[in-house]
Amino acid sequence: MSLIEISGVDFLYENDNSDRPALQNIDLQIEAGDFAVIIGSNGSGKSTLAKLLNVLLTPSKGEIFVAGLNTNNPDNTWKIRQRVGMVFQNPDNQLVASMVEDDVAFGPENLGIPTQEIRKRVDKALEMVGMAGFQKFAPHKLSGGQKQRVAIAGVIAMEPDCIVLDEPTAMLDPQGRKEVMETVQYLNKEKGITVVHITHFMEEAVNADQVIVMNQGQILHKGSPKSIFRLVEQLKDVNLDIPVAVEVAEYLRQENIDIPDILSIDELVDALC
Amino acid sequence: MLIELNEVSHVYQDENNVKALKNINLEISRGEFIGIVGHTGSGKSTLVQLFNGLIIPSSGTVKVNGKNITNEKSNLKETRRHVGLVFQYPEHQLFEETVYQDIAFGPKNLGLKKDEIRERVEEVMGLVGLDYEEFKDRSPFNLSGGQQRKVAIAGVLALKPEVLVLDEPSAGLDPQGRKQLAELLKYLYQELNITVILISHRMEEIAELASRVIVMHQGEIVIDDNPIEVFSREQKLHKLSLDLPQITEILHRLEERGLKVNTNLFSISEASAEIIKALRSH
Amino acid sequence: MLKDITIGQYIARDSIIHALDARIKIMITTILIIALFTIDTFTGFGFFAAFVLVVVLLSKISVKKVLKGLKPILILVLFTLFIHIFLTKGGEVLWSWRFISIESEGVYTGFFMVSRIFILILFTSLLTLTTSPLQLTDGIEYILSPLKRFGVPASELSMMMTIALRFIPTLLEEADKIMKAQQARGADFESGNLIQRAKSLIPLLVPLFISAFRRADDLALAMESRCYRGGEGRTRLHELEFRYYDFIALIIIIILAVAVSFY
């Protein structure tokens, strides 16, 4: 069984008067240890999907299993939230305490972990996100990328199997985006944590094991990054950014220049010369 | 000279006393489209707030239309109608009940007559692409993020500024929203002769739009030149850990590998055509 | 401008005052405030002022910084002073003009009250200046915890305070930004009469409230996703611990307070 199993899920917000559900007929499996990237434009339903994984919402129809636990069963809620940590878009609105170490400790404190163990977990988590030494800093003195990494540390300290990041880079500058992406990839590759990364920056999908494209509450396509970037026209239609290298490759193909599937600038340059 | 900064330094008066700007000398003339790039904390946002007197520098003088706005008697309200400033995430400053009222806030503060206010609101809504009849009575808070951004920008345009300064106006917009914004800025610059000053992290945007690029680093202007010159200084930009526009990066890399391409093209279609031409003659 | 407010600010230093247990500091502050209200002579105030000065010196925070924190209450102090000088009657008439008169009793009470307010604010601001917000809320939670039995949600109250402290700088920054953005659209926060000024705050307050609510919404979600479900069963990274000099400090203060009160 996969770490996350979503089958036949619909979701309709209660006070929503639009006739279209926020999510419709979602089937998706995410394997333990995978780096899954969900891309979609605003209103595609990708954030709703993220909240379902952490039981902040439960499906209107269908079922979701996380590590074998059904999210529809209220008894499982807290177990699932410990196993699936969440990082949100706005770095300012998810830090609880006025000192970095207290914020990272917040999750473990809620789980009732003994004091000494919390200390260890906090220091380890901060080190893993490259923020060792920032224990006593106030969040508002940090850069956006640093705040987001503290938020990630706060989740890591709960020792989850999986982290769901809901557009963690949307409000950051290029420097901050780079920091966060490097951290997330490190946690996935080196520490074996399953990552579900939600974004509207397609470049961030380049290194994924699985890419899921969402549009209007439905899964438009899922597969490897290369298979996705072949759909340039379709992706443009749903208002998504295409990496420049991919777009250039597409121009060249139209002029009958033979180019393999490429995702990054490096690959494009290698393919051409 | 439209805006003139002479030996301007600024220190924020808080516990760290950060020197945000150091000895800035800068002249901006009418009809320029200036792109400002640099890291968070490089002083870009502080710099542009000098242009309309929201920040009075610790030392040095700022002149707008020849008038010194750094002395105490200066009429800042008057300056602010000439220099419009759109902050980052401007939709967070919406507060009125209807789109119309929110856009009318600026003109009302200028003391304009009702008819004139109405005219202006209708005009700027047209500019940003919001249908007047459809949107004027709607609450700004029930609009999509992209539409809210348009309302907020319209609210500044309604002052009819000679200079429009925008701080990261495309942050968080989708490709379509960014395209509309770029078109709006082009129109303001080319057709309405508004001087535009654009802060952005997106080098693509700067390369496409600006006629002059200013690179800031640690409170200083380190490069001030046209986009072609600025983006050909790859080493220098890398040292400041700033990116090239991706398309420029591709062209540079191909040139390094011996493909003879003109590296000064910023549009993807032109650059692709150039690559095709070079490949065929190779 | 808004960022200048220093009331409630914490300044980290390595000093014995900082090292005292937060609960002890809260108790000491409470005792001293009570003692302050039993004092009825200027000599007593002089004694207290000297004591405050000693504490400030021990805390290694510059006197200038402490006094700067008093700036925002200056208006309140002046207001109190004038009210007493003009309205409290009794004693000798020092000066009069038509129906207005200043009498000695008024001047005396005025300065008396002002001294009391100053020392009171100094005490409390010293508490916040030398105690990290987190220790402070933990201390309050501990002191309130006997009341849990009567249904007082001590842990939740302290969580609320933690969050408030966390968001004060963020919201002040935001207020500053919104103010500037509206000024850029010609808003005027500085001139006009009282009503006009109050009205001019609407373009600042509406966006600020909307943003605060949005943040609250986001934060609630984030807390829930990190398994927050009230104070029940929570452990802490920082457990408060009494050390011997905490008790020594407390005993010294009690003796001092009693001595001053009966003086």
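In order of appearance the chains are A, B and C, and numbering begins at 1 in each one.
One rule holds for everything that comes next: a residue touches a chain if its C-beta (ideal position, glycine included) is under 8 Å from a C-beta of that chain, and two chains touch if they have at least 3 such contacts.
Just so it is clear, the structure is predicted and the values come from calculations on it, not from any experiment.
Distance from subunit A peaks, on a Cα-centroid basis, for C. Top contact pair of chains, counted by C-beta pairs, is A-C.
Chain centres here are Cα averages; for subunit B and subunit C they lie 42 Å apart. Our note on geometry: subunit A versus subunit B, Cα centroid distance of 31 Å, whole angstroms. Residue positions of subunit B touching 2 or more other chains: there are none. Chain contacts: subunit C has no residue touching two or more partner chains. Put simply, subunit A touches subunit B in their complex at residues 41-43, 143-144, 170-171, 173-176, 200, 236, 239-241, 243-245, 247-248, 251-252, 255, 257, 265, 268-269, 272-273. Per the touch definition, subunit C reaches subunit A in the complex via residues 12, 132-134, 162-163, 165-166, 169-170, 173, 214-215, 218-219, 221-229, 233-239. If you check the complex, the residues on subunit B that touch subunit C are 14, 49, 52, 54, 77, 80-81, 84-85, 87, 90, 92-95, 105-106, 109-110, 141, 155-156, 159.
Note for the complex: subunit C touches subunit B at residues 3, 174, 177-178, 180-188, 202-203, 206-207, 210-211. Of all the residues in subunit A, the ones that touch subunit C in their complex are 51, 54, 56, 78, 81-82, 85-86, 88, 90, 92-99, 101-102, 105-115, 118-119, 122, 136, 138-140, 154-155, 158.
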